[in-house]
Each structure stands twice: as C-alpha cells, then as structure tokens.
Amino acid sequence: MNRLDIQLPGLQLKNPIMPASGCFGFGREYAGLYDLSKLGAIMIKATTVEPRLGNPTPRVAETPAGMLNAIGLQNPGLEKVMAEELPWLERFDVPIIANVAGTTPEDYVEVARRISTAPNVKALELNISCPNVKQGGITFGTDPVIARELVEQVKAVSQVPVYVKLSPNVTNIVEMAQAVEIGGADGITMINTLLGMRLDEKTGKPVIANVTGGLSGPAVKPIALRMVYEVYKAVDIPIIGMGGISCVQDVIDFMSAGASAVAVGTMNFIDPFICPNIIDALPAKLDELGVKHIKEIIGRSHR
Amino acid sequence: MNRLDIQLPGLQLKNPIMPASGCFGFGREYAGLYDLSKLGAIMIKATTVEPRLGNPTPRVAETPAGMLNAIGLQNPGLEKVMAEELPWLERFDVPIIANVAGTTPEDYVEVARRISTAPNVKALELNISCPNVKQGGITFGTDPVIARELVEQVKAVSQVPVYVKLSPNVTNIVEMAQAVEIGGADGITMINTLLGMRLDEKTGKPVIANVTGGLSGPAVKPIALRMVYEVYKAVDIPIIGMGGISCVQDVIDFMSAGASAVAVGTMNFIDPFICPNIIDALPAKLDELGVKHIKEIIGRSHR
Amino acid sequence: MIRQERMTVVSQREIAKDIFEMTLQGQIVQEMSPGQFVHIRVSDLLEPLLRRPISIANIQKEAEEFTIIYRAQGRGTKVLSQKQVGDEVDVLGPLGNGFPVEEAREGETALLVGGGIGVPPLYELSKQLNAKGVRTIHVLGFQTEEVAFYEEEFTKLGETYYVTDDGSKGFKGFVTDLLNELNPDFNIFYSCGPLPMLRALASMYEEKKGYLSLEERMGCGIGACFACICKTEEGQEKDYVKICSDGPVFEKGVVKL
Amino acid sequence: MIRQERMTVVSQREIAKDIFEMTLQGQIVQEMSPGQFVHIRVSDLLEPLLRRPISIANIQKEAEEFTIIYRAQGRGTKVLSQKQVGDEVDVLGPLGNGFPVEEAREGETALLVGGGIGVPPLYELSKQLNAKGVRTIHVLGFQTEEVAFYEEEFTKLGETYYVTDDGSKGFKGFVTDLLNELNPDFNIFYSCGPLPMLRALASMYEEKKGYLSLEERMGCGIGACFACICKTEEGQEKDYVKICSDGPVFEKGVVKL
C-alpha cells in the first residue's frame, strides 16, 4: 500500500513532497544528485514570455534562520523552457507544476496558454507574489480584485488546473484566497516570500543590490503555518503549503494545518537531499503518529 | 563627551537603547540584575483601564530563531500602575514610555489622559498593534483611517508626546505610518509582532492556547528592518526601531535604516543583561565605524 | 541573587533511555536550594532560541558543582545532550522558590512523590531532609523501566517504591494506586510531576500539609514576561501567580490545579 | 560527482590573525582538483543557515584529507573556527570547475597571483603545476603582515613575493605595482583575489593566457538558484554564467569583470 499518495486537481502525487519554485531550477542540478522520479512533483522556476536576466548581484543574503533573495525571475524564457527544459524533464516519472510569471495580464495569459500544453505540465502555479520585480509580480498578489481577474483570464486559456501562489505581504490573506477561489483557481500554493532587508555591517547600505529581498527559510515557518491554517478554514480548494520546511515534522505541521501537499524551498540549498530524505522518513513518522495514510493528517489541527 | 545621547520628542535619552514593552514587565525583575538608570528609557508593559488576566496558558512557544507569545495584555490596570509601578520606577534616573492599550477608543483616551500625568512618564506608546486580543489592538493598527482618528483623540488629551506602535501585519506599512503622522503622532515605534502559529508535534493542535501568537525575535529582523527603512523615507517624525535586535550590530542596522533609537524585546529573555551589554559595546562599535556620535549613523543607508 | 554564568560541564552521561545526567561547575551553585531551577541556554547561536528550565537535582557546594537530570526529547534538550566535558553552558539561576525543607521537622516523616522528569528535584530535597533528620519515603512513577533512574541513590536515603505504567519496574499503575495500597504514615508531602498526578495527590491528601512543584512553558524565567501564569484558588491574596518567580513550588491549595 | 559528506576535523589551527587552517578527512577528497571549492554547513542547527563556500587549498588523496584556509570574520566562519579535532562537518563538494592545470606545459612558467583569502587555492594549484614540471612564480598580496600566511609552503614550490598594503611584509603597494617592477617572464597566469585585482591583472596581461577565480554570494552552490550570476563579455555563447557551477574559474575575457 502506498501510504503517501495524494490526488489533487491535475496532480497524481506519489507523495506530497515537491521542491518549491525557484529553489530547484529546472531540475538538472539535483538530477545529478538523486533520481527526480522519487519526488511527488516538481515546481519549476518561474517562466516569463521573454528570457530574463534578473537583478544585479548580490542577490542573496543570510538572515537568522532564513535568507533573502532577489533573483528577479531570471529564466530562459517561454520558448526555451518549452523547447529544452520541459522535454528534458520528461525522462522522469514526475508531474511538473509550471510557475507562471509576467509583467502584464497578457504576459501571464500567454505563458499559461503555451506552457499548459506541454505533456508533463500537469498544473500551473500563478506567481502573483514575487516581491523582487518592479512591475507585475506582487502587485497582482496584494489586490483581491486584480488577482481574481487575472485568475479568470488565465483559467480561460489553461489546459491544466491552475494553482495560485499567494503573497504573505498582505493584511488579510483570507480575502486574497477567497478572491482567487472565486476567480476559479483549482488550488492555492502558499506562501511566497516576505519582504525583508539586510544591511552591510560596514557601510550600512543594503546587501541585496535590489535593496529589498524575499525572506524565506525556517524563520518564516510560523507565519506560513498560520496563514495555511486560516486559509484552510475559508476556502474549499486544496492548498500546497510551504515556507520554512526543514524536516519531516514540518511537513506534518503544514498538513495538519490544512495543506494537502507541501513544497520545500530554501532548505534544498542547505541540504540538497532534503526532499528524498523527508520522503524516506515519512512512513516511520506516520507510524509514530499512529496513522495509516498521510491523508488522515490533513487538517487535523481543526478537528 | 557623551557619544550616545539622543533627543526625541519628550525624551532625553542617555543612549538609544531601551527594553521593549512587554519584555521587561515594569522593571522590577531586571532591577534585581542591574541598575536600570543605565538604560536610555524603559517601555513598560501595556496598561489598560481595568486589570487584565490575559490569555490562558501556554502563552509562549519557540520557533526557529524566534518565539510566539499570546500574553494577551495581562496587566494590573491603570490604577495600580499609577499607584504602585510608576512611583516605584521613580527611583531610577530613566524616562518611562507608557504603552497604552484598550478595547475601545475611549479606553485608550482614558489611559492616555491619566498615565501621561505621571511625573516619570515622558512619552506614550499607543499600542494599536497587539495581535493577541480579540477586540481593539490590531484592528486599530491595520486600518489607516481608524488609526489616524485614534491618534487624534489621544493627542488631544495627552500631556506628553505620543508615539504610535505599528503592526507589521499589513500590506502597506508606509500608508499606516503616514496616517498616524497626519493624526499628530510625535513618533513611531515599530514593529510589533507578526501573527504566527506553532503546532504540537503529537496532536497537531496549536501549542498556544490562544491558537495564534505574535512572532518576535531575530527571525523577524529582516522584515522589521525593511519596514523601518521604508517608513523613514516617508515620514518626518522619528522612529524607535525594534524587532529581533540581538547584538550591537543590530542596533547599528536599525539606526542605519532610519531609527533614532531602538528597543530590545525577546532577547531580554535569552540574555537578561543584553541592554547594558549593548550599551557598553556601543562606543567601541562607533570607533570601528569611524563615527564620533551615534547620531551620525541614523539613516545612513539612505545617503 | 539571580546570576548568569558560563558554567563548565564536569560530566554528562545517559542514565536511562534519553535521560541524561549532567554536572556543571560554577559559582552560582553556592546559592542553590532544592526545588529551584536553572534556565539554560543550550547554544550560543540563535536557534534554538529560548532557554530551557531544568530543576536542580543535586547540589555539591564544596565542589562548586550541581547536577541536572533531563530528558533529551525536543530540539533544545537534544542539543544540550551533545555537550561534552569541558564545554561551557550559559546558565541563569538559581531561579524560583524551591521546596521548604524547614517545614519538616527532625524526627518527622516526609513523603516524596515524583513522576517522570519531576523526580530529579526530589533527590536534593531528600538529601537535605535526611541531613536534618527527617525520614523520607520516595514514591517514584515512570512510564517504563527503560526511563527510570536513580534507584540506588534514592534507596540509600530512605524507603523507595517504583511505579510504572506497564509494571516493567516495581508496582504497576499510578503512584496514587500504590499510595492507596501502601497507606504510608507521614507528616508532610512534597511532589513534582505531571499535573494529573499533582491533582490526584492534592485531593487524596487534602488534610495533609503538602508542597507541589508546577511546570509551564516559560519565556524569561524571572517573572518579567507573564508567560507562566497560573490562576490561584479563591481567597488567595493575588488572582494569579507566576510559576517561575512565585513558584515553581507552591503550597497545596494556593494554585488552581 | 558532487556529494554530501560528514567529514572529520583532523586539525584546526590559527595560522595568522583570524586566519584558520582546517584539515578534514573523508572520501570526497578523491574527486577534488585545484580551484574547486566546497560548500560547508558550519552548524547542524538552523542558524547560521546557509553553507559557506570555501576553496580547496591542499589535497592529500592518500590520507583522504584536504585543507581549507579561511578567514573567521563573519558569523558562520567564526562558528567553523570553533570546531575541534574529531568534530564532524557537513561538506558538499567538490564544486565548480577549478584551474586548468593542463593549460600549462612542462618547462613553462606560470605566474600565480593571489590576494588575501584568494591565496589558498593557489597552493594546491602550485603543487600540481610543480609536480608536472611547470615553474611557478607566486605573487601574494595581503593587507598587512599579520594576516599573511604560507610563506614557507609557497617558497618551497617556487619564487615567492609578498606584497602588503602597508609594506609590513615584502613589497609595499598592490600586487600589480610589484608586477610592473618585477616584469616577470611567464607563459600563463592564474589568479584568485578581489575583483579590482583581477581587473587590473586582466588588463595588464591582455596578451597572455590567464585564468581568474571569481567570488559571489551563493545560495545552493550547485547551479540551481541563480544567486551567483555573472554577465559575460560580448560574443560569448551565453549571456551569463553561474560562478558556482560554470566557474569559479573562468578564462580571462569570458566574464565581465
């Protein structure tokens, strides 16, 4: 019996563990370390219509139990992702979730229309929450009306279910979640990074060339968990939870709060084997909790 | 020459270091450890009109490089604070900043009117950002119009300058800062805690009896720093910065970002001598940075 | 007086499954009394962040040493269990008000009831009671034999009974079950352990003088943060007490259990 | 192949002010070459969080040992400097593409120019160049004598010049000043150090074949996170390279300095 499989709109997951977008490139580097078919799914790096070079360096900085990044959606562009990255990933038995980004609604629509036709892309993740680009990105993620409209437009063209990635940089996360649900989202992924900053000790100037960066890693876990907990109560679509996951217990925590699956971001950099290690550790954890299938954990905080 | 003194509305600070509200009680416990006259100021625990017993326990939980609390504004009430705590604190040569909380605007006004008459209370800190009480608290801190009106009412009765403590749980911190500035605030203190959660590993239920708690400690520093940086650019009133300060470098960081003084919260629990230790370490740090007076550091990130 | 000291690890060993006994050396030992606790920073890094409250289990003033016995289960105590002889540990203490040894008089009998990691502070208490001529009876409850400890040490000081949930050591059941059977004759009792045990004891020995040591999650450990509040019974002077600074030991009847 | 290994500290000593030399033992040593680096997790706790990239300074395959030389200045390297012999350290490596030893032929002369903590990888490089009969000239720049290291080691391998900002050791000034005076005769140069130094060298020896090792803040260290991007010069195949996986060593003229 598979004690870990999870069915979600568009996604047949062997297990609920996947690397988060932007923390795993297009899989090539980690494929040198372990068999990617082991993963529940892969969330690939944000893709935009045109290739992007991203922000100037330094792009990362360390913070207490966390890190800041301002990569700025660097990616080879839709054509190259379609022609090279996605076909390469077909060798693995793993569903791909394509992270879709853009500057205008038209950008999102264009990427969604095309990328949703790739055979191994089983779902889209609308990135309306990247804090590191001047236009688009987070502005779509902080206004419920704009977010809803964008989701509607993308849903109209996508061949696969659409998940929307929420930004934590809002007063009311529930309002955002409900807006994208009304817009037709098939699921929610959360959370993206929190806007933060680090200063150079000598000069006092921002370390990150882009001034601010997105905070991720274990430091943000309590915030992410609270938001998943709140959103779970307020919507009927499934949640893929993320934000600071660093061990098998964190997976249990996010699923307890209401996530149906989880993504691991930053910790891939610290422990490149973290995803397979967590997958291997899950059955023993379920035994410890006296649970037959991991599904039984979903939402238990609320029961 | 005093290289550390800072003048702020109502406050002649020997140095820019003070314990944050709620992390130092009314000073009695720390007075057993060191001479409180050493501190730049003391921000006392939130005071409400009536005594409050606060939330059920557990009230604290640990998180990566941070902690959650849901004390719930427990305090002995205005009468007792006026009759016992403030007079007791008069033995120290240190200005007191009284943290004012309430459920209704009338509560705030009542506490502000009375407590601002105490001889050693040199400023008020309007707590419109406590995430741990059902009514009042954070609702005042997330709506700019309500915040502005509350500040106006309190300003009308207070005998001393009024600082407003901002909540980080908002989409737009600058908007909140500008609103309280227009309302007549003499200064801003920021940030209060971020709403977070921890689950019990076995049961999956929230550890904090109040379900959610306020996240503080080093984990939140990058967020706090970013917000101070943004607000400094947008307002003309001084900022007292806080959020995760754990060492002398953090003080330099907050002041570089634009704070005129800082408060240390959570780290008092981990290192009860942190405030005097930081004060002692500041002159050497200024030498290292080639700076004569700490004032020169304020806002240097922006120059 | 409460002090913060970098103390040196003199010994560290696993005395039962996941149960460690660690001895630390330093000056604050001079001010310690039984039932008090220390607040330990397990790492100089920022994670794990909070100090851990651990009871004082054995005090040796001449050697400037004291011993703690703790279960390495969570993140912080696991880090603590990795310390080696010679390492330094940041200790804040001694904290709180311990067991009043003076309430038992020479020639009297004291019943000491401990449960799990509530057992350690009873050891120093028993030592001091015996030193002043008080007879001690020890009733010590554990989940299983695997996690039980200090049999020899307690037996040397007085009559000692073990109780385990599964009967793997000593009597099977709850400590209160054994006490019902044993029906010991005593003048005063002292106890530390899980809340249900303390509750059962308090109602079982309503007529007796007794002292209970409580636990709560802590922030500061010194009375400043209001994390460790416990409501008091009707009729007490204050509505609440702080476990860290008013306790952790309270006379039976003071706090709402 | 990149692997993650818990390696054992075999030695650790301060060889200059705040400069530590640490030797680690483990299997991944077998796959290391000069100019590559390792990504080190300094603590198993969650703070400091990120790995630290450190160059491989000396490889001893028979002993399964390699050596790093690092400056303990920031938070993470300070924690690393507290490790003791016998402690384990989590190492990811070997990473990146190192110095091409094969580009220098027997009988030729290689100029090795290092600045500060850019000096360490040149040591293993020089060892391997000398082993295949390449003559090496070392020009090593430091801020002051206090932080200079490995004089004996480099001198054994070839002509060695020290340059310090304040003249406290060797020549006073920049390495390029000394090179201008020295005007050495060489076939190829290899360099690692601060960007201004690399820039000056690249323009000074425009005609020569040269390899430069770059630095950037890193996330993953393996090419996945796009943290360590560097733009390339016009006419290169790609617009950018990743310092961690395409570099850290690049032929002069490939990347925009």
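Per-chain residue numbering starts at 1, and chain names A, B, C and D are given in the order in which the chains are listed.
As a working rule, a residue touches a chain if its C-beta (ideal position, glycine included) is under 8 Å from a C-beta of that chain, and two chains touch if they have at least 3 such contacts.
Owing to the predicted nature of the structure, the values given are computational and were not obtained by experimental measurement.
Asker: Which chains are shared contacts of chain B and chain C?
Answerer: A, D
Asker: Centroid of chain B to centroid of chain D, CA atoms only: how many Å?
Answerer: Chain centroid spacing, chain B to chain D, equals 46 Å.
Asker: With chain centres taken as the means of their Cα atoms, state the distance from chain A to chain B in Å.
Answerer: 34
Asker: Between chain C and chain D, tell me the centre distance in angstrom, where each centre is the average of that chain's C-alpha atoms.
Answerer: Measuring from centre to centre gives 54 Å for this pair.
Asker: Give me the residue numbers in chain A that touch at least two other chains, ranges are fine.
Answerer: 63-66, 217-218, 246
Asker: Using the touch definition from the top, which residues of chain D touch two or more other chains?
Answerer: Those would be 46-48.
Asker: Is the chain-to-chain touch network here best called a line, a ring, a star, complete, or other?
Answerer: Looks like everything touches everything, fully connected.
Asker: Using the touch rule from the top, collect the residues of chain A that touch chain C in their complex.
Answerer: Residues of chain A touching chain C: 64-65, 218.
Asker: Report the residues of chain D in contact with chain B in the complex, numbered from low to high.
Answerer: Within the complex, chain D touches chain B at residues 46-47.
Asker: Contact residues on chain B for chain A in the complex?
Answerer: Against chain A, the touching part of chain B is residues 63-66, 68, 142, 169-171, 194-199, 201-206, 212, 215, 217-223, 225-226, 229, 244, 246, 249, 252-253, 256-257, 289, 297, 300-301.
Asker: Can you list the chain C residues touching chain D in their complex?
Answerer: 43, 45-48, 79
Asker: In the complex formed with chain B, which residues of chain C make contact?
Answerer: Where chain C meets chain B, its residues are 1-2, 4, 41, 46-51, 75-76, 92, 216-231, 239-240, 245.
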